[in-house]
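Chain IDs A, B and C follow the sequence of writing; residue 1 opens each chain.
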Amino acid sequence: MSWALALMQTALFVAGAPLLAGWIKRVKCRLQNRRAPPVTQPYRDLVRLFRKELLLPEESSWLFRAAPYVIFGAMVLAAAVVPLVALRLPTAEIADVIVLVGFFALARFFQALAGMDIGTAFGGMGASREMTIASLAEPALLMAVFTLAMSAGTTDLSVAIERILGSGLVIRPSFVFAFFGLLLVAIAETGRIPVDNPATHLELTMIHEAMVLEYSGRHLALIEWASQIKFMIYAVLITNIFLPWGIAMGFGAGALALGAAAVTVKLAALAALLAVSETLLAKMRLFSVPQFLGFAYLLCLLGMLSHVILEVGG
Amino acid sequence: MTGLRGLDLTQQLILLLAALVLFTSFVMLAQSRLVGLVRVFAWQGVLLAVTTGLVAHVSGHAHLYISALLTLFLKGLLIPWILHRLVIRLGLERKREADANRTLVQLGGASLVIFSYYVALPAVQLSTLFTRNTIAVSLAVVLLGLLLMIVRRKAVSQVVGFMSMENGLFFAAVVATYGMPMVVELGIAFDVLVAAILFGVVFLQIRASIDSLDVDRLNRLNESEP
Amino acid sequence: MIALYLTLALPFAGALLLGLIGHRRVADRVSMAVSGATFAASAAVAVRVLRAGPLLSGGRMFYIDAFNVYLLVLTAFVGLTTAIFSRPYMAHEVRAGRVNARRMRLYHSMYQGFLFTMLLALSTNNLGILWIAMEGATLSTVLLVSLYRTPESVEAAWKYFILCGVGLAQALFGTVLLYFAAARVLPRDEALLWTALHAAAPALDPAVVALAFVFLLIGYGTKVGLVPLHNWLPDAHSEGPTPVSAILLGLLLNVALYAVVRMKMLVDPALGTPLAGHLMMGFGMLSFLVAVLFLHRQRDIKRLYSYSSIEHMGLMTFAFGVGGPLATFGALLHMTVHSLTKSSIFITAGHASHIAGTQRIERIRGLIRTQPAIGWGLLLGTAAIAGFPPFGVFTSEFLILIATMKAWPWLTPLLLLGLGIAFAGLFRHLHPMVYGERPAGQGPVAANMLPVVVQLALVLWLGLAIPGFLAHWFDQATHLISGVALSGSGL
C-alpha cells in the first residue's frame, strides 16, 4: 500500500513538473502584458520533441547518448525522495536529504561531461560555467540542509518535516535565513533569472543552454523534462520544509486529498512569486554570479550560526 | 529547538529581530554605495529600536521604552539623516567604494560571529534572561562594525562602522541586562549625538584640507617620514 | 562637599561662559581665573579628604578617596599652569595668524570643557559616568587637535577621534559586562557604583569579570597610549597647539590610567588570581620597550616627547600591574612627577618651536644662547624625565625598579636597558637643540616661565624629600590599591 502510494506520488511529481513550468510561464506572460500560452504548453513541447527525429553529432560517444537517461533517471529518483503530498512514505525513509544533493550532483556531472564530449566551444564553455556556479551553490545548499538537519535533529526529510509540524508555530531565525538562502540557491541551480535565462540562446550569457545545444529529439525532451523536475524539487523542498502545513500525515483519502490541494496552492503561490521577481529583475552579469551565490552562502551560514547561537543555547 | 519552544511568540520575534540586526551588519559590509550604506545603517537603528521596544514590553521595564524611542530617534532618524546630508553635500552619492575582496570580508565577518559566540559564552551561561543568547549577537555587531571600519577607505563608511559598533553596544546593554541605568544611557546617547555632529565637522575639515574623503590619503603622519 | 561641587561646576560654567566671550581679549585671563578657582576648590576638597577620610556624596554619585583626590588636585594644578602658559603662547599664535578669534573662542571653551570631563571622570562613583566623561574628553579635544586646520592636524584629529572612539567602545562593552555581572548580586541602581561594586567584588562571577577587564583594559588602554593602540598619541600631541598637548599628556593619560587601575581594584578580589596584573604588566612592558626604541628616530620635538610619554605610561602600567605596596607607591609618585615634568617640558618645547619657527628637531638649535631660560628649562626638564637624580622621577623609577627586582627579578635588566636606551635617545636629540650653533636671526620670544619653574621645583622637591602629608596620601592610596600600606618605609 505505502509503496504503491510512493510510486504514485513520484509519478505525480514527474508528471506535474511541466505543469509548474507552464504555470510560471503563464503568470509571467500575464505580468508582462503578453498573450499567455496555455499551462499545458510544456507538455505539448515535450510530446513534439519526443516525436522528432534524433540527430547525433558526428563526434559524440556513448556518453553523449547515455547522459539524458542518467540525468532524467537521477531526477526521478530524487523526486521520489521528496515528500510531496504525504509523509512517512517508504521511499523517503531509504534516502535522506544528502542523497538528494548527491543525485543533483550526479546529474550535473553527466550533463557537464556530455557538454564537453562533443568538443564544441559552447559545450565546454557551458560545462565550465555550470561547474563554477555549482561549486559555489553546493556549499550553500549543504549549509542550508545542515541548518535544517540540526534544527530537526535528522537528515531524513520526512521525519524533519514531521518534527517541524509537531513543534507548532515557532519563529526560528535560522529558518528565515535558510529560507532565503535556499531560494537564492534554487534560482541559481535551476537557471532562472537573474542568474541564467533559459529562454535565450545568447552566447555570452547562457549557461545551461550552452551544454544542451547539440541535443535534439527525445534526448532534448528528457533533459528539458529533467530540469523541470529539478525546479519542482526545489520548489517542493522550500514550501514543504518552511511551510509544511497541510501535508498528509496519514494515508487516508481525505488527508491525501488535503495534502494534494495544499501543495498545489503553495506551489502555485511560490511560482507566482518567482514570476513576479523574474519580471522585476534583470539578468546579472556572469561575473557577479559568484557574489550572488556568496550572498546565498552567507545567508545559509548565518542561518546555521543563528541556530547555534540563538536557538540552542541553554 | 528546546530553547526556542519554551518562549512565547513575542520572545521568539525578539530573537528573530536580533538575527536581523546581525544581518544588517553583513549587508553593510556588502554595500559599497555610501547612500545605501547609510540607509542600511538607518534600518539597523530602526530594528534595534523595535527590538528594544519589544524587550521593554516583555520584561516590563518601562525605562526601556524611553531607550527605544531615543534609539529610534537618534540611530534610526537623526544620525542617518545627518550622514545622508553630508554624503549629498560632499557630492559622494554616486561614488562606489572599491574595497577588498567582498566574499573574503563576508567570510571574515562570519568567523567574527563565531569568535563572539565563544567569547560571550561565559556571560551567556551566567544569565537567566531569555535574551541571553543575543549577547553573542551584540558582540558580533560590535566586531562587524570594527571590520567595516578596517576594510573601508572612505571616512563616511568608517563613521557608519563606528556608529554601528555603538549600536552593538547599546544592543548588548539591552539584551544582557535590560538596559543600563537611565542616567548612563542618556549620557551615552548625548555623547553619540555629539560624536555624530563632530564627525560632520571633521569631514568638512578633511575635505577642505585634502580635497577628498579617502582616508588612505591621510598619510602624512608616520614614522618613516624623512 | 560644596568644594567638590565647585570643583566640577567651575570649569563647566567656564566652558559655557568662554563659549560666549572666548573671542574677546579678556578670555585668556578669565580662563586663568577659572582654572585658579578650580584649583583652589580642589585643594579644599583635598584638605577635607585628608582630615576626614573618603567623601561619598549624596546619592552616591561622587566618591573621593585618597587615590583620586591627589589626581584631582594634580589635574586642577596642571590645568592652571597650562592656562598660565597658554596666554603668551596662544597670543603668539594669533599674531602669527595661525588661529583667528573664532577659533580662540573654541579653544578656550573646549579647554575648560576638557578640564571638566577630566575632573568628572576622576570624581564620579558611577562607572557609566566615568565612561561618558572619558568619551566627553575625546569629543572636547578633537577640535582642539585640529585647531590649526593644516592637513597634518586634521589627519591627527581624525586618527585621534577614530582610534579613541573605537577603543572606548570596547571599554563600554566591558562596562556593560561588568554591570551584567554586578546586576546579579546588587540592586540595579547600585550595580554601576564603584563603592558598591568594590564591596561586592568577591561575589561577582570570575569568568565574566575577567572578560570585562580585557575589554576595559583595551578600551581605556587606548587612551593611556598602550602599544599597540598608541598610534593616535604622537600625532595628536604633535599637531595640536602645545597647551593642548600639555594637558592631553599631563592629564588625559593619567585619568585613563586611573580608570584602568580602578577597574583592576574591582577585578582582583573578584578573580582571586593576578590575571589583571599580568595583563597590565605585559602591555606596560611592551609599550615601554617599543616607545623607547621609537625615541631614537623622531624628528619632531613634540613627537619625541610624546614617545617619552608612552614610555612612562607603559612603566606606570607595568608598575601597577606588578602590584604590591612598593610598586604601587612608585607608580603613584611617578604619575605625579611625570605629569609635572612632562607638562613643563611641553611648555618649554612649545616656546622653543616658536623661537625656531618649526617643530623639526634639526632646525631647533642654540636655545641656550638665544633664550637661556628656555634652554635651561628644556635641559632640566629632560634631565628630570630621563630619571636623573635628584629629580622625583629618579625616586619613583628607583622604587619601581626595586619592586620589580623583588617580584620579577628577570624583568629588571629589561627595565634598566630600556631606561638606558631612552636616556640616550633623549639626549642625542637634546644636546644640539640646547647647545648647538645659534642660527642667524634667531631671537627670544615672550614666555612666562613661572609654571615651568614651579613645576620643576616641585619635581625636585619630591625627589629630595616627600613632604609628610603627601607621603601619607600616597600611602593611603597605596593601601587602597594594593591592600597593604607602605607606612614606615624609609622615605
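Following the convention adopted for this analysis, contacts are C-beta pairs under 8 Å (C-beta built on N, C-alpha and C of every residue); 3 or more make two chains touch, one makes a residue touch a chain.
All values reported here derive from a predicted model rather than from experimental measurement.
Undergrad: Can you list every chain in contact with both subunit A and subunit B?
TA: Where subunit A and subunit B might share a partner, there is none at all.
Undergrad: Which chain's C-alpha centroid is most distant from that of subunit B?
TA: A
Undergrad: Taking all protein C-alpha atoms shown, work out their mean, then name the chain whose own C-alpha mean is nearest to it.
TA: Of the chains present, the most centrally placed is B.
Undergrad: Which of the chain pairs holds the record for C-beta pairs in contact?
TA: Of all chain pairs, the one joined by the most C-beta contacts is B-C.
Undergrad: With chain centres taken as the means of their Cα atoms, state the distance from subunit A to subunit B in Å.
TA: Here subunit A and subunit B have centroids separated by 37 Å.
Undergrad: Quick one: report the Å distance separating subunit A from subunit C, using the average Cα coordinate of each chain.
TA: 66
Undergrad: Indicate the whole-number Å distance between the mean C-alpha point of subunit B and the mean C-alpha point of subunit C.
TA: Averaging C-alpha atoms per chain gives centres 31 Å apart.
Undergrad: Quick check: what residues of subunit C touch more than one other chain, meaning two or more?
TA: none
Undergrad: Counting only residues that touch at least 2 other chains, which ones in subunit B make the list?
TA: Residue numbers touching two or more other chains: none in subunit B.
Undergrad: Contact residues on subunit C for subunit B in the complex?
TA: 126, 128-129, 131-132, 135-136, 139, 142-143, 146, 149-152, 154-159, 161-162, 165-166, 169, 172-173, 176-177, 179-181, 183-184, 188-189, 191-192, 205, 207-208, 211, 234-235, 238-239, 294, 297, 299
Undergrad: Quick one: in the complex, what on subunit A touches subunit B?
TA: Interface residues on subunit A, with respect to subunit B: 151-153, 163, 167-174, 176-177, 290-291, 294-295, 298, 301-302, 305-306, 308-314.
Undergrad: Can you list the residues on subunit B that touch subunit A in the complex?
TA: Subunit B reaches subunit A through residues 1, 3-5, 9, 12-13, 15-16, 18-20, 22-23, 26, 30, 102-103, 106, 110, 113-114, 117, 124-125, 132-134, 136-137.
Undergrad: Touching subunit C in the complex: which residues of subunit B?
TA: Interface residues on the subunit B side: 119, 122-123, 126-127, 139, 142, 146, 149, 155, 158, 162, 165-166, 169, 172-173, 176-177, 180-181, 183-184, 187-188, 190-191, 194-195, 198-199, 201-202, 205-206, 208-210, 215, 218-221, 223, 225.
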